[in-house]
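To keep things clear, I will list the structure first and then write my remarks on it.
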Amino acid sequence: MASVSLSNVVKAFGAFKVVHGVDLDIADGEFVVLLGPSGCGKTTTLRMVAGLEDVSGGEICIAGEAINDRPPKDRKIAMVFQNYALYPHMTVRQNMEFALKPQKLSKAEVDAKIAGVAGMLGLDALLQRKPAQLSGGQRQRVAMGRAMVRTPEVFLFDEPLSNLDLKLRTQVRMEIAKLHKQLGTTVIYVTHDQVEAMTLADKIVIMKDGYIEQIGSPEEVFAHPKNLFVATFIGSPSMNLFRMTVERSEKGPVLSSAAFTIAAPADMNGKVHTRPGGDTRHPPQRRPPCPGR
Amino acid sequence: MNKISTRQATLVYIVTGIILIIFMIPIYLILASSLKPSADMFSPSADGLFTPTLQHYVDLFTLRPFHWNIINSLVVTLGSTLFSVTVRSLGAFALSRIRHPRINDAAFWILSMRMFPPIAVVVPYYIIFKSVGLLDTPLALIIVYSTANIPLTVWLMKGFFDEVPEALEEAAQVDGYGIVEIFYRITLPLAAPGLAVCAVFCFIFSWNEFLFALMLTGSSAQTATVAVMSFWSSDAVQWGRIMAGSFIILIPGVIFVLTCQKWLVKGLTLGSVK
Amino acid sequence: MGYVNRRNRTIAGVFLLPTVAVLFLTTIYPMLYALYLSFRNYDLAKPFIPRIFVGFANFQEVLTSGPFMHSMLITFKLMAVTLTFQFVIGVGLALLVTQRLPGMAAIRTLLLIPMMISPVIVGLVWLFIYFPELGYLNYFISLIGINPVPWITSTQWALTAIAIADIWQWTPFVMMGTAAALQSLSPEPYEAALIDGNSRIDVFLYVTLPQLKPVLISLLFLRAIDAFKIYDIIFVLTKGGPGDATETIALYIYRQSFTFWRMGVGAAASFVSLIIISVLITLFFKSMQKSAVAR
């Protein structure tokens, strides 16, 4: 088990910055989801943690050790790729054996590990098959199995469910949640699907254009979005926004639009100043905590 | 393409058929002349009526040491193919995987080598090989052919490596494999069909080559193409033997066309046609 | 320097180096050697004359003497004729063989055979066809009442004879490339044109041809480069003759080097032709990169 911390991590391709100084602390055993629209830098961030991309600036630590310059194999991680990256010329068993080989374990240990993971994921019947003979859901499970046999300290998932149909996605999502509970390993999970994020995460990191917009528990980001982007990005149907004008009334400040007028939230009291012709801030509206959780 | 009527279809068949026949005549002539008795060689009226004979093929191997020429061709061809595929698969992998703004320039530079006229380097080759005593040896041709189609095969192979998902290599990297091991355990097996095609390309090129073979070999390392040509210049013109030898030489190319048409397109157009 | 960066260097070192080394030893080095020769009085027929430095004398001879200019003219003339026919016939043929009709795939395959044949064999079989007095071609044209033509023995016809053989061998290449491109075109624009009722000629000119353009440009340059290097077929059919009627640049270099043994002059001519072909290469790259961007 290990904690992961990113401090001021930057990724630039030449002059073009795709990740701008990301700070993130992940506790041991935590399930963290990086969530954001495509191109927001979440996958790049994950790949930097994996060691598949060089870090342009800042520092990444796993279990307290800076690992910026270490090759992926020395980072105690395992990764599940978006398209699973199963070796097509090897059977399921060979895929797992291949993943274990660099650890130089005895034959018995390897067999025991594979048997354990296969049992946990229900892969026993599939061990002799090649990836082409598996369904999408089965491939996904094999990809997870291959990552699990290595007993890493940190699991990295790169949009692992995006190639599955809706029903399977729900099912595998449950399995991932269950496995995390069982194994307790730290997980960094990248997705653009907020349902996955809300249901799986201990902590959601919402990213946009290479910046972190908000870090918080699913309840927090849902009920207390820190800014407009998070407010509109999270929740389906998305939050309603109204352009309001702050006005004085005999009961103190009120927010009013063409259609309705409400009392300004108490914490705005004394902080709101109207400026003729200037911009008026519209604070995000609150909503009750997510009822489903 | 949209559908066409029966009348148009008939027209298409007639036109295509005529062109096909015109294009096939020389190939027919090679085969027919190799089987014709010498007396009937230049009598088109005898076509279809002559009694086929294998005499020219027999002559080729008894009166002429054509089997030695074929062996020379095979040595040169297999040697250069093996060498080429080894070196180029490495180079193509690098070109396919290195992410660097200037890597495309390197790739184009290698491609540009195709464009140098072989005759321009034949003189230096001749002098260099003469001075190191490699003239008229199969090794000289193996060396020359190993460069000759570098552009073609490197580009073709690069295409095959591009098709192997990089995620597979990344997965192996996360598992703890080094780049060399990843190359021969993951990438190479997956690109193997492509490598086979490249090997065939190299084979056909070396097998068909004439200019270097003519300039750099004498009698002892003479390849089949040069030998066939020499039937023309020496003694009386032995058309039957020339055609018999030609037919033997064209067999590998024809087999290639009939079996790997798809790759032919990719290879010969350097991937500019998908 | 990060790990991935280091890894890239390893790839460059381990994997790219052998290719570069082989290219250097077998291409760059001989070329440099050719450059060295081109400034020397290297005459193999007169081994006792010292191989002295002669400055630009060889280049001067190549560039100011008639034969080289003549060979250049012949090369480009041949190129113009063969490319025109190869593209007109090749594209036409591609349109025919991509029709969805039974048997077309087989015809397409058979038509590819000529380009896989060794150019020497191509030369020899056409020599057989053109053979003076006895050849098949003269026999057939006599059937339709035309007098025999001295195909390869007259200055008037020799270049045509070579062009025909080259067109025969390489039209399939144009057909192959064009047919592959045609088959990769999306059917939707054609269906739209069908619904709109455009004529076939309009569809070809305004829908098909613009989409084929990048491929046709690539094919054109590949063919042009090969046409510039044409050697084997001419060597077999006419050896550059009669006289110098079919002496292309490659044949000129051959004659200077291996008939007159004037290696220095041959090398100088090689370099002049290299420069010409480099211009072609540059144009080729530009078009490749442009069409790559367009794609």
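Order as written gives the chain letters A, B and C; numbering starts at 1 within each chain.
One rule holds for everything that comes next: contacts are C-beta pairs under 8 Å (C-beta built on N, C-alpha and C of every residue); 3 or more make two chains touch, one makes a residue touch a chain.
All figures in this text were calculated on a predicted structure; none of them were measured in a lab.
S.K.: Which label fits the chain touch graph of this model best, line, ring, star, complete or other?
M.R.: complete
S.K.: Of all the other chains, whose mean CA position lies farthest from chain B?
M.R.: A
S.K.: Once you count every C-beta pair in contact for both, which comes out on top, B-C or A-B?
M.R.: Most contacts of the two pairs: B-C.
S.K.: What chain sits nearest the middle when you go by CA atom centres?
M.R.: Per-chain C-alpha centroids compared to the overall one single out B.
S.K.: State, to the nearest whole Å, the distance from the C-alpha centre of chain A to the C-alpha centre of chain C.
M.R.: Comparing mean C-alpha positions, chain C is 56 Å from chain A.
S.K.: Approximately how many whole Å separate the CA-defined centres of chain B and chain C?
M.R.: Computed from C-alpha means, the inter-chain centre distance equals 16 Å.
S.K.: Cα centroid separation between chain A and chain B, in whole Å?
M.R.: Here the centre of chain B sits 52 Å away from the centre of chain A.
S.K.: Give me the residues of chain C that touch two or more other chains.
M.R.: 7
S.K.: Enumerate the residues of chain A that touch no fewer than two other chains.
M.R.: In chain A, residues 51-52, 71-72 touch at least two other chains, as defined above.
S.K.: Would you tell me which residues of chain A are touching chain C in their complex?
M.R.: Touching chain C from chain A are residues 51-55, 68-72.
S.K.: Contact residues on chain B for chain A in the complex?
M.R.: Residue positions touching the partner: 101, 165, 167-168, 170-177, 185-186, 189-190.
S.K.: Where on chain B does chain C make contact in their complex?
M.R.: 1-4, 9, 12-13, 15-16, 19-20, 23-27, 29-30, 33, 42, 44, 87-88, 90-91, 93-95, 97-100, 106, 108, 110, 112-128, 143-144, 146-147, 150, 154, 179-180, 183, 204, 207-211, 215, 225-226, 228-229, 232, 239, 242-243, 246, 249-250, 253-254, 256-258, 261, 264-265, 268-270, 272-274
S.K.: In the complex formed with chain A, which residues of chain C make contact?
M.R.: Per the touch definition, chain C meets chain A at residues 1-5, 7.
S.K.: Considering the complex alone, what residue numbers of chain C touch chain B?
M.R.: 7-8, 10-12, 14-16, 18-20, 22-23, 26-27, 29-31, 33-34, 37, 89, 93, 96-101, 103-104, 107-122, 124-129, 131, 134-136, 139-140, 168, 171-173, 176-177, 180-182, 184, 187, 190-191, 193-194, 214-215, 218-219, 222, 225, 228-229, 231-232, 235-236, 249-250, 253-254, 257-258, 263, 266-267, 270-271, 273-274, 277-278, 280-281, 284-285, 288, 291
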